[in-house]
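The next block holds one structure in the form of structure tokens; read it before the comments.
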Amino acid sequence: MPEIMVFAAEGRTLEQKRGLVKDLTEAMVKNFGVPADVVTVQIVEAPKTDKAKGGVLFCDR
Amino acid sequence: MPEIMVFAAEGRTLEQKRGLVKDLTEAMVKNFGVPADVVTVQIVEAPKTDKAKGGVLFCDR
Amino acid sequence: MPEIMVFAAEGRTLEQKRGLVKDLTEAMVKNFGVPADVVTVQIVEAPKTDKAKGGVLFCDR
Amino acid sequence: MPEIMVFAAEGRTLEQKRGLVKDLTEAMVKNFGVPADVVTVQIVEAPKTDKAKGGVLFCDR
Amino acid sequence: MPEIMVFAAEGRTLEQKRGLVKDLTEAMVKNFGVPADVVTVQIVEAPKTDKAKGGVLFCDR
Amino acid sequence: MPEIMVFAAEGRTLEQKRGLVKDLTEAMVKNFGVPADVVTVQIVEAPKTDKAKGGVLFCDR
């Protein structure tokens, strides 16, 4: 605890994910004063057929 | 914002998803008075091995 | 199943919520072909101190 | 209702999942006094590239 | 990890919650083979004005 | 999109939350290359009676 869930459309590289989870965790440590090793991050990726903005799927934009 | 997450077992067609996100977004616009383009929808699909009702996986029903 | 979670800032009336859950459920029935009574909707409201867009809390906008 | 979401790294067998959803559902029935058939469980699995603890992806640990 | 989120309507006692999180955690340990202290459980409670089944809010049922 | 949900026990100040959402958003912009104003963050706080680690509620630890 705390747990961070990131809901995103697919398409990021491993390098992008590696950097993201590191920086999200540091933001939690810095601001909430928790040790890094209690912070979990899960990226919940959706295919572009499964995510929409403005009522339009990302695969249709 | 607002964000809508739909947790469902896999097995819907692209056409079903396309219709769903359109209608969910319209429901948000109509009832909460927000512009469509601030509404995001993510469908979080699970394989039938990963979702259960009544304690029984969908792959076993 | 399916389950719909709506993540929103607080501030809607009961009438708005009543209309929203009705319309979201109808959207699910129409597009995914499920009976209404298997659809659950939960509105996860956040105080304006607990939700942000563009890195700025809603209480500060 | 209630809905249980389990966020986990991938790598469990069907047998493990089958046992988990059965036991989680029984825990809900026993403690919250609801009938089993209103309890849904969804396991939201992440590839080891998409989940981190302590700021480090599981694929890098 | 793993993280368990329970989405439920409000109205349970502290004793019910205490029993639930204990049993959910034991179910995870037994079936997924993880130590208890890496399992987190969060109960996300909704007022009866914020949760619906079959398109009808719990406060209206 | 992307949407970040932070599941945490209650007890942080407004200043801590203000700093957190700013830093989480910057982490998303830097690593995923999205503009800040498409990033939403919602902190889903639980009373200490509603969150557990190791099967024990935070109010009992």
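Just so it is clear, A, B, C, D, E and F label the chains in written order, and each chain counts residues from 1 on its own.
Going forward, contacts are C-beta pairs under 8 Å (C-beta built on N, C-alpha and C of every residue); 3 or more make two chains touch, one makes a residue touch a chain.
It should be emphasised that the depicted structure is a prediction, and the values quoted were computed from it without experimental measurement.
When the partners of subunit D are compared with those of subunit E, the chains appearing in both lists are A, C. Under half of the residue numbers at the subunit C-subunit E interface are used by both copies of the sequence. Looking for a copy of the C-D interface in D-E, A-B or A-E, one arrives at A-E, which has over half of the same contact pairs by residue number.
Separating the centre of subunit A from that of subunit F, both taken as means of CA atoms, is a distance of 12 Å.
One inter-chain figure worth recording: subunit B and subunit D are separated by 19 Å, centre to centre, where each centre is the mean of the chain's CA atoms. Counting only residues that touch two or more partner chains, subunit F has 1, 3, 5, 7, 17, 24, 26, 40, 42, 44, 51, 53. Under the contact rule defined at the top, the touching pairs of chains are A-B, A-D, A-E, A-F, B-C, B-D, B-F, C-D, C-E, C-F, D-E, E-F. Those residues of subunit B whose C-beta lies close enough to touch subunit F in the complex are 1, 3, 40, 42. Residues 7, 44, 46, 49-57, 59-60 of subunit D are the ones touching subunit A in the complex. For subunit C in complex with subunit E, the residues that touch the partner chain are 3, 5, 14, 17-18, 21-22, 24-26, 36-37, 39-45. By the touch rule above, subunit D contacts subunit E in their complex via residues 1-9, 12, 16-17, 19-20, 23-24, 26-28, 30-33, 51, 53.
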